[in-house]
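What follows is a set of structures to go through.
One chain, chain A, links the two complexes that follow: it is found with chain B in the first and with chain C in the second.
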Partner chain A sequence: MYVAVKGGERAIENAHAWLAEERRGDTSIAELSIGQIREQLALAVNRVMAEGSLYDPDLAALAIKQARGDLIEAIFLIRAYRTTLPRFGASLPVDTGKMACDRRISATFKDLPGGQILGPTFDYTHRLLDFKLAAEGEVPEAATREATPGNVPHVTDFLNHEGLIEEAAHNDTTPPDLTREPLEMPAERALRLQALTRADEGFTLGMAYSTQRGYARNHAFVGELRIGAVPVEMDIPELGFSIEIGEVTLTECETVNQFTGSKSEPPQFTRGYGLVFGQTERKAISMALVDRALRWEELGEEDEGAPAQDAEFVLYHADNIQATGFLEHIKLPHYVDFQAELELVRKLREEAGANSVPEAAE
Partner chain B sequence: MSDYNFAYLDEQTKRMIRRAILKGLAIPGYQVPFASREMPMPYGWGTGGVQVSAAVMTPDDRFKVIDQGADDTTNAVSIRSFFERTAGVATTTKTSEASVIQTRHRIPEEPLREGQILVYQVPIPEPLRFLEPRESETRKMHSLEEYGLMHVKLYEDISRHGHIATSYDYPVKVEGRYVMDPSPIPKFDNPKLGDMAAIQLFGAGREQRIYALPPYTQVVSLDFEDHPFEASKPDHPCALCGAENSYLDEVITDDAGGRMFVCSDTDFCEARQAAGHTGTMNGKDAA
Partner chain C sequence: MKDSSEDHAPRQHWLGLMAKAPKGRVATLLDQTMTRPAFTWLRAPEVGSTMVRARAGATGSPFNLGEVTVTRCALTLATGEVGHAYIQGRSKDDVEAVAVVDALMQTTAAMTLQLQVLDVLEAEQTAKRDARAAKAAATKVDFFTMVRGED
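Let's turn to the complex of A and B:
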């Protein structure tokens, strides 16, 4: 006998309790602390801060713990928390030229003012599982040296002296705010960059990769990649001047792209730009490539119909919180629509004479 | 009560949403862009409806949530408890007692009255989306009232199948102007959209759109003179309450093809059973 589908409330409660137990795992193994996650899973923390659009390593670590390591779920927790925060004001634009660089490399010049600094990178590690890590040993201290005093200049400025790269037009207008206004098309570059910096890393990587494989190829060189802390300043109305309120670690990638010129622009190098919270260089490079691909119109390039050139396609599908929510909502009941479809298909089959299967007992 | 503001959203945000709602009511069927917020439930799970409900809710309201017509489906339970926790409002499962009803995929069977608000959760607010994927294009089509593509689609259905092959999410025209997506309600519910005494608000969170139908708005399901719109439902009475004119869910009862049809609107069905109506498979005689 059919029992009316009841008990949703209890089912949810029980599911939550079970989830909490699974999250904790085997209680004979020590529980993870927020500090451990923040310090030892720092790149996961960085991704959660970047795509969550909230710079707070402790909260990101908490979200990762709560989400059982599911980073998109953690990003979701951060985003939902972020919306509840009051907004006191806006900082001044950060100056990445003043960055205290942990890492700074250029693929276009062998040596350059400020030097090449490899920093803490996986790049030249051999990807061999290090079984010593399983034995929880202490790490020997890394060598240090005094930082070179002074600012590290941007590589693209060198090219700019010669007029070889397009001028990055200076613009002091306040950019639109994706989190306070609906995303509307066409989106100007500042808005596109804002969407890309919080976009899903995997999606952005895939889009960028597609440009390298010929879907709107734009021949990118990493002019410069830098990672480090920059001071954040804010104008305090009561004081009448700006003060430093803290610092954030950023990854900035400027690509230098080959460009043979178009009807409207002379032959010159063009720019792609990526700027992301934390040490997140895969994302920053991807962002720069996608940014460059999306600029086809202003540079007078041809529309090749490539996915990475299509701002609506890229921007409306890059947000993993929107995407995962909508994707997973198909788990929700759809009895009503499905019933309507059932009736329709039955009717159409009946009329098409295809209904040779005998009606089952009711 | 929690540390959050009444109904979760801060007052500024609610004001922004109310402005979008008012604009929507002033231009029935027009999709108003609004700065949808990230909510603590996933996009696609009713965030648009939740934001609209939060914006119109007052502490005196009595709130009802249905999903697929039922108050007890898990997501309806989840949204109801969200507002119990963040707004502390009274809730109910009775359609007639509710002042704000949030729904997904159904319009209650019981006619709504003046003073009630029906809030729809909308996944894809753009009725032209699957004919034209670009938002910049579809907005142009709406402003130019260029709906030929939709009529061609419906015509092609008829020429291919002999019917318009859309059974839910069936497009409507509002006050002779905007073509509107009624959200994925079965087309059985379409006739209830027009001339309704209650206010109807539609919230699409992920797509950042709000639209609305003020009371007693003219809403016409798109059709052709020789192929008039037909609201259809399974051709059975409800097996629990015997209703002949309610929308039904089909429930599989065994693995030998046995099935039964029951009202999708649980409140409607329960009220009828309480009033003594009974169907062929009511537990009382068949258990």
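Let's turn to the complex of A and C:
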């Protein structure tokens, strides 16, 4: 419990003014524009959109500037803004099979229709600091080559033809929405996926890593990882038909996991799925691994007691805004709570005769 | 309600095309083409959100992925045609321009707007998409076998 107390107004006002000054930093250095953040810190912008659960690069860039680069604070700002928006409706499910791929790789098939497209990746860089970036300079233009027109097929489709991989269960009921109804257990897969796609990247990565190290054995192959733009289509009631209202960049990861079969299912490969706003590869792979681990029950696997198999543990601790809100509230005044604890400890010490000890020492 | 019947197809296409245009582009092209006609608001521009849905495993059951900011409006021209617009982002100026074009596309100005606004947008978007696809294609791996161990 914390108690409202008066007397801090001037201190708070001055603290905010100082915060604004520190945010700006040395005024002899040029100020960052929203456009600069959006264009040059794009992966930070993507993370804020993904975990803020609102796709709007300009707003995410503004939040990053306001939060002085503290991404969880920026995500907090976006989540707060999001709640002020009236909801116009929901889109039709996006079709990632029609994605205009910037990147598309498979770790399971070398030669696959559509090919291995590396895209603008950090992979294969040497992770050595590039001091050329510290100096201003022109960037050479990226090379081009004639592109093959048409959609890039999903890797899991090839495995599907042979029946070697489970079919994605398909029904078109309206999915539950944790922004409207509180998250409750047991959580069906649609709800788990919604929670995971907006979950903290670090938490999701840690959980995914734990499955790789043997907690809930699930050796995963990245069947496919793709990044690119997909149109967002929505039914417009006043028109009586659907239209494309825009386009979002997504990262999709499909894992292929070995599965020896169960009472109800033949031996086959199973799937984990990750889909995240923006170019957010680490998060999408993590999401797919955690999604697969959480599916143990429906696949009839053993409960190994691994943290990544525990939906309640994972989903209730994955949201960094809930976590940071509860964590940071303990720094607010708890004077009355603490006073009560103080009284209690004093009383207990008295009963235990502990108070005589310091006196003896004096 | 996904309805792509013949009647709706052209309107569906132009509304989608304009929704994906860069900030300010539709307004610029419209104003270069003609003076805007008088209109009254049916629904003044309003910013909100749409929940983007996706499918588990790309083809399975739907789930909620996250929201996207959207601006919408509706207007009626003095001549009676109604224009609608839903566009990604938060731009009241852009959404107004899109709704005006949508309404004008139902008038005799349609041919001119098709040539000077929609065809231009289409060409720009195709060029942009192709340029990105060409860069992606340049990063496609060409595997070749160096030595095959047959022993």
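Rule of thumb we're sticking to: the second predicted complex is superposed on the first by the 350 of 362 C-alpha atoms of A that agree within 3 Å, B and C clash if a C-alpha of one lies under 4 Å from a C-alpha of the other, contacts with A are read in each partner's own complex, and residues count from 1 in each chain.
Here is the rule we go by: a contact is a pair of C-beta atoms (placed from the backbone, for glycine too) under 8 Å apart; a residue touches a chain by one contact, two chains touch by 3 or more.
The structure displayed is predicted, hence computed values, not measured ones.
Contact with neither chain B nor chain C is seen for A:Arg292 once the two complexes are overlaid on the shared chain.
In the superposition on chain A, A:Pro86 makes contact with both chain B and chain C.
After overlaying the two complexes on the shared chain, residue contacts for A:Arg47 are found with neither chain B nor chain C.
Comparing chain B with chain C, the partner in contact with more residues of chain A is C. Judged by the touch definition given at the top, the superposed model places A:Arg38 against neither chain B nor chain C.
By the touch criterion defined above, A:Asp58 lies against chain C but remains apart from chain B after alignment on the C-alpha atoms of chain A. On chain A, the surface touched by chain B in one complex and the surface touched by chain C in the other have residues 82, 86, 179 in common. On chain B, the positions that touch chain A within their shared complex are 4, 8, 10, 33-40, 42-45, 47, 67-70, 72-78, 81, 104-106, 123, 133-136, 161-163, 165, 167-169, 184-188, 206, 208-209, 232-234, 239-240, 247-251, 253, 256-260, 262, 264, 266, 281, 283, 286-287.
Across the complex, chain C is touched by residues 49-50, 53-56, 58-59, 82, 85-94, 96-97, 100-103, 110-111, 115-120, 142-148, 154, 156, 168-179, 189-191, 193-194, 197-198, 231-236, 238-248, 250, 252, 254, 271, 273, 275, 277 of chain A.
Interface of chain C with chain A (complex): residues 1-5, 8, 11-12, 15-16, 19-20, 46-70, 72, 74, 84, 86-90, 129-141, 143.
Per the touch definition, chain A reaches chain B in the complex via residues 1-9, 11-12, 76, 79-80, 82-84, 86, 179-186, 312, 316, 321-322, 324-329, 332-337, 339-344, 347-348, 351, 360-362.
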